[in-house]
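Paired with chain B in one complex and with chain C in the other, chain A is shared by the two complexes that follow.
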Partner chain A sequence: MTITSAQPDRFEIWRERLSGSVASITITFIIVMAVGLLWVGPRFVSTSNIGIIGSFLVVPLIVGACAGFALLAGVVDLSIGSMVGFASALFAIQIAGGMDPWIAAPLTLLACVAMGAINALAIVHFGADAIAATLGMLTALRGMTWVITGIGGASGAIFAFHPGLFGMANSRVLGLPVLFLLAIVLSLIAAGVVTKTRLGRHVQAVGGDDKAAARAGIPVARVRTFALLLSAFGAGVAGIVFVAQLGSAARATGFGLEFQVYAALMIGGYSILRGGVGNPVGGMLGLLVVAGVSNIIELKAISPYYTNIIVGALLLGAVLLDRLRGGDPYE
Partner chain B sequence: MALAPTIDGKDAVGPRWPGLGAWGPALALVAVWLVLIAATGLYRPDFLSHQTLLAVTFTMSIVGVLAVAQALVAISGGFLDLSQPSGLILSGLVTVRLAEAGMPMPVLILGALATGAAWGLVNATIIVLAKLNPVIVTLATNFIGLAALFLLFQLAQVPRGTAIHEFGRTSLLGLPAIWWPMAALILVAGFFLPRTRVGRRAIAVGGNRQAARARGISLPRTRIAIFTLSGALVGLASVLFVASSGPFNPGSANFLQLNVIASVILAGVSLAGGRGNLWLLFPSVGFLSTIPTTLVFFGLASDWQLIFQGFILVFAVAFDGYRARRAP
Partner chain C sequence: MGHKTYGAATSAGALAFGLVLGFGAPAAAQDDGFTLGMMVGGNPCCEWMKSQGDVARALAEARGWNYMELSNNNDPATALRNAQILVQEGADAAIQFNGQPSSNPAIAQVMNAAGVPIVTYDIAQEGMYFVGIDNLGAGIAGGEGLGALVRDEWDCNPDLVVSAEGAAAGIVNEWRTGGMRTGLRNICPEIPDERWVSFESQGDAAVGLPAARDLLAAHPEAVRIAVVGLNDGGVLSLIQAAEQLGRADEVMGWGQDGAFITGDNVNPALKGSVFYFLESYAVNAIRDVIEPIAAGDAPPVRWEAGDPASQVQGCPVTAEEPATVPDMEERVRLLLEAPAGTTAYDLFCPNR
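Moving on to the complex of A and B:
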C-alpha cells in the first residue's frame, strides 16, 4: 500500500473518527470533566470522589455493556432493569437463607438466562415485537421481585449481608473500587469484541440489515438469541454485584434502570430503534457523562432533579446529532 | 415452524383469521376475559358481586382513557408516547390548582384538556421540526417533565368538598362515575376513527407514510393533530385521576404506563402503525383490570398481578407475531 493510494482512506478514517458518535461523546465527556474541575474544584477528580461515582456506576456499566449487544443486534431489551431487581432478590434470599454465594450465584444466573430465553423465544422464534415482548418481561420480573422480596417480610427488603462477599465487592486498588475498574475493563473487552471479532461484525450486520445479513449466510436467529441471552446474563451479574455491594435487595431495586441506562447509551451513540449503530466505548462514556453530571449537581448541593433535566436535553441533542450524521429522519 | 432465517413478520397483510374476519381476535379476547371471570366465579362464587364490579370498573377508568390516547399515537405510526405520566401529572396539577381557586367543574375540565393538548403539542413540535422518533422524544420529555414537576411540587390533592372530589367518589347507575367518560370515549373514538377524514388519514399515515404522502396527506400536520388530540385525552384522564386519587406526587402516574401499553398491545393495535380497532380496548382494559381482583379471590397477594400481566403480554405479542408471520 503506497502512501498516495492510502491517503483518501486515511482521510476517511480520520473524518469518521472525528465526526463519529464516539468523538462527540468524548467531547461531551471532556466538557463535563472541565465543568466539574472549574466549578467544583480539584475535589471533583479526587480519588475518593471518583471512588464514590465508580461504586454507583458498576451496575449500570455491566448492564450497559451486555445490553448494548442486544441494541446492536436490533432487538432492544427493556427487561434489564427488572432483571437486575429479580437477580438481586433471588440472590439475596439465598444468601439470607445461608447458602454459599458460589452456589447461589450460578443458580441466579441460570434463572436470569432462562428468562432471557423466554424473551428470545418470543422475539426470535415467534417474531414478537421486541419492545412489546420485553415490556411484558419487565412487568413479570418486577412482579417476581415483589413476590420474592415479600418473603423477607413487610419491610420489602431482604438483608443479605455476607462479610466475605461485602469485603470482596468493596475492596480497592489504588484508592479506586476494584469492581469499577473491572466494569471498565468489561466495557473495553465488549468494545474489542464488537469491533475486532467475527461475532461482533455479525451482531452489527444483523442489526443493520437482517435480510442482507441472512443472504450473506449469517445465522440471524442465532445471533439475536445470543444477544438477548447475553443481555439477561449481564443484568443477572449486575443484580448479584448489587447485593454484594450493599448487602441487601429491595422491592424497587433496578426500577427504571432500563430507561436510565438506555438514555445514557443513546447519549453515547447507540440507537434503541436502529440496530448496528453504537460502540461499547461510547456507551461507557455516556454512562460516565451522566454520572459526572449527577455528581456535579450533588456536590454543588443543587436539587437532583436538575440531573434528569440535563440528561433529557443531552438525549435529545444526541439523537438529533445521530440523525444529522445520517440516521433515518422520522416523518 | 422452524427458526426462520429472517424476521419479516411485519410485511404480512390480508385477513388474519379467515372465517371470522377482523372479529376473530376480538372474540378470542372477550372469550379469555369471560373464562377468567367464570373460573374465578366457580372457585369463589362471592367473586360475582357488585363489589368486584366496582373494583374492576374503577381500575378500568383511567387506564382506558390513557389507552385510547396511546392507541391513537400507535395507529398513526407514532409508536408510543412515553411521556403520558408527565402529561397526566402536569394536567392534574393544573386541575388541582384551579379547584383550589374555587373554579367550577367545566373550567377544571377545560383547563386539564388544554394543558394536556399543550403538552402533546410540545412533543409533536419537537418530533416534526427535528424529525426525531417519538419514542425517544417522549422518553426525553418525560425525563425533563417529571424532574421539572418535582421541582414544582411534592404533593397535591383536590380540596375536599369540591365538585370534582365528589365526582371521583360517587357512582352512577351502579358503576363509578369516572367509568362513564372512559366508556363513552372508547365508543365514540372507536366509531369515528375509521369513519372520519382525519381518522382515516391517521390510519393511512401509520400504515404507509410514502403512500399517504403521495395521496397528498401532510405528514407533519397529521402528527401534530394526533399528538395534540392524544395529549388532550391525557388531560381528560388527569381529571379522572385527580378526582379519584388521594394526595399524589409527580411519580404517582408512573405505574399506569405499563398497564396502558399492555392494554393497547393486547387489543391488537400494531405498534408499527396502521392497524387497530379502538373498541377492542374495552375487553383488553377490562381483562387486565380484572386480574388484580381475581388474584385476591384466588388467595394470591396483589404482588402476583404483575407476573400474570407480564407473561400474558409476552404470550400475546408472541402469538401476534406468529400469526402475522404465518399469514400469506
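Moving on to the complex of A and C:
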C-alpha cells in the first residue's frame, strides 16, 4: 500500500521535471549525443571534432545569448544576421586600413549599438511593429555592408588578416577553442541573469505581459530598449569574432544567420511571437543540437541536402513539444 | 524556477559528460584507401552546384576511392569548418567550389598545414590547384558573339548596353562582364560611353528582376537593348523585366555558363551563351590533379587562373546551336558513361 501510494508521487515529480522548457531540449541533446556516439563512434566526441563544431558555434552562441533577451522581452530582432555582417565589414575595413584592433573594436560596437538604438527608438518609443522595424534595419544594414565591402575592391570581400587576432581567436585550452568555452560561459551567465536576477525577471515579465508588467511598476520601455541594445551589441561582438576567426569579411557574412539562430533558439524553447518564454541554456542546447545533427550527417558522409530537412523536422518537433508541455497556442 | 534549475543542471551535466567522454577519444580518420573530400558550393540557385558533387562522387566511386561530400551552404564560415572536417576525417585530397572566397586564404592555410592537397574551381587561391574556365576569355568570346548580332541587326547602334553584374562573385564577375564588354567593343567600337550601364542582378533571374525594372524605368527611351552578364540568370533578369514592361521586342542578350540556353523553353531574347559545362569540372580535376596524387605523383601546385592546373574550355553558342545539347541531367548521365577523362566539352560542344 505504501509502495503504490509512493509511485504516483515519484511519477509526478519526474513528469514535472521532464515538462520544463530546458528539460525537453536537454533530453534532445542527450539523444543527439547518444546517436552520435553509437552511430559515428568515439570520434564524434573527440576534442578535435568538438573543437571544429565549437569554433563554428561561437558566433551563433554569442548572437543567441544576447538576442534571446530581446525575444524574452517580446521584441524579436530580425536584424541580427545583417548586424553581424555590418560589424564584420566595419571592423575589417578598419583593420585593413591599419587601425589597432583595440580601437577598431569599440568603434564597431558603438556603431552597432547606435543601430540597435534606432531599432529601440522605432519599436519602443514610436510603437512600430518589431518585425517590420527590424526587417527594415536588416535591409539597411545589408546595404551598408555591401557599400563597405565595395571599398575593399571587386572581390566583394575585405581581407583583414591580423596575426594577433587570429592567434587569439583560434587559441585552445585542453584542445577546445577558448572562444567556444567563453561563449558557453556567456550563455550560462545569461541564464543566470534571466533566472536569478531582478533584471531577468523584469525582462520575462515584460515579454509575458507588458501591461501587467507596467502595472507592477516595471519600466517596460527601458527594459525593451536594454534588450534591443544588448541584441545589437551581441551581434557586433559576433561580427568582430567572425573577422578574427576568418581573417576577412564578405558581403555574404551573416546572411541567413537570423534564421539559423532563431530556429535553434525555438528548438531550445524560445518563442518568436510570445515573449517571456525560454532560457539561454535552452537556446545554447538548441544550437548544440542543430550543430550536432549537422555534424553527424557530415561525418557519416550523408548528402548534405538532408541537413535542412532534419533541422526543419526538429523545429516542428520542438513546436509540438512546446504544445504538449502546455505552452500557449498560437494566437 | 525549479524546472529551470533542474534543467540547467542536467544540461550542464550532459555537456560535461560529453566533453569528458571526448577527452582522449581519437579523431579517427578513414584509413582504408584513398579518400576524396568534396565541398560543393551549396547555393540553392543552381542545379550545377549539386551536379558537380554528383559527378565527383560517381568518378571517385568508379575508382574505388572513399568519397565524402559536404556543402558550403554558400557561407564562408561553413566552408572553413568543412575544410577542418575533411582534415579530421583523413581526406587524402579535396575539391571545392567556394562561391564565398573570403575564407579561401584560411582554408588554404588549414589544408596546407595538414598536407591535404585541394583543388578549387574557378576562383584562384594561392596554395590550391586551380581548375576552371578562362573567365576573361569566355567573356570576350561571348561579347564578340553578341557584338556580331548587334552589328548585323542594329548596325552597331544599340540604345543601351546593359551589364548584369553579380558583384558577390568578385573578380570572376569582373572578368566575365568586363570581358563581354571588351568583346562587344571589339566588334562595335563606336558605341558611345553613355550608353553603357549596369545593374546588380546577383546572378539570379528572380532576384535581379526589381533592379532590372528600375534600370529600364530610368531609361524610358531605350528600345534596342543589348544585355551582357555574369551568367544566363543575370541576363534573363533584364530580359524578363523588359517583358513585364512590354519592352522586350528589341532586346538581345548573351549570357555566360549556358544554364538557360538548353531545353524547350529558351527565352527568344537570349541569343546565345557560353557553355562552361560546370557539371563536368570534376573530370578535369580528377584526371589532371587527383589521380596523379592518388598514384603518388602529385603535380606542382599551379594556382593562378592564367596558369591553371587544368583548363576548362568554354563553348560559345548561339541560341540555335544548343538544340543538340541535352539538359543537365542527361549530360551528367552521358558524361559518366563516357570513357574516363572525357569532358562535357568533348561530348556536347557544337563548335568544338
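Here is the rule we use: the second predicted complex is superposed on the first by the 312 of 331 C-alpha atoms of A that agree within 3 Å, B and C clash if a C-alpha of one lies under 4 Å from a C-alpha of the other, contacts with A are read in each partner's own complex, and residues count from 1 in each chain.
Note that a residue touches a chain if its C-beta (ideal position, glycine included) is under 8 Å from a C-beta of that chain, and two chains touch if they have at least 3 such contacts.
Values in this document were obtained by computation on a predicted structure and should not be read as measured data.
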Exercise for the section: Label the relationship between chain B and chain C on chain A in the superposed model as either fit or clash. Expected result: clash
Exercise for the section: Give one of first, second, both or neither to describe whether A:127 is in contact with chain B, with chain C, with both, or with none. Expected result: first
Exercise for the section: For A:150, select first, second, both or neither according to whether it touches chain B, chain C, the two together, or no partner. Expected result: both
Problem - Which of chain B and chain C A:114 touches, first, second, both or neither - result: neither
Exercise for the section: Have a look at where A:185 lands relative to chain B and chain C in the superposition and call it first, second, both or neither. Expected result: neither
Practice task
Answer with first, second, both or neither: which of chain B and chain C does A:298 touch in the superposed model?
Solution key: second
Exercise for the section: Tell me which partner A:25 touches in the superposition: chain B (first), chain C (second), both or neither. Expected result: second
Practice task
Figure out whether A:220 sits in contact with chain B (first) or chain C (second), or with both, or with neither.
Solution key: first
Practice task
Using the superposition on chain A described above, determine whether A:103 touches chain B (first), chain C (second), both, or neither.
Solution key: neither
Practice task
Could you tell me which stretches of chain A are touched by chain B in one complex and by chain C in the other?
Solution key: 146, 150, 256, 303, 305, 307
Problem - Residues on chain C engaged by chain A in the complex (per definition of touch) - result: 1-8, 10-12, 14-15, 17-19, 21-23, 25-28, 40, 42, 50, 67-71, 73-78, 80-82, 84-85, 88-89, 100-103, 105-106, 167-171, 173-174
Fill in the blank from the handout: The chain A residues in contact with chain B across the complex are 118-119, 121-129, 131-133, 135-144, 146-147, 150, 210-211, 214, 219-222, 224, 256, 259, 262-263, 266, 272-273, 303, 305-309, 311-313, 315-316, 319-320, 323, 329-331
Handout entry: Touch list for chain A against partner chain C, complex
Key = 16-17, 19-23, 25-26, 29-30, 33, 37, 41-43, 45-50, 52, 55-56, 59, 146, 150, 154-159, 161, 174-176, 184, 188, 191, 195, 242, 245-253, 255-256, 279, 281-282, 284-285, 288, 295, 298-299, 301, 303-305, 307
Exercise for the section: Using the touch rule from the top, collect the residues of chain B that touch chain A in their complex. Expected result: 1, 3-9, 80, 126-127, 130-137, 139-144, 146-148, 150-151, 209, 219-220, 254, 258, 261-262, 265, 271-272, 301, 303-322, 324-325
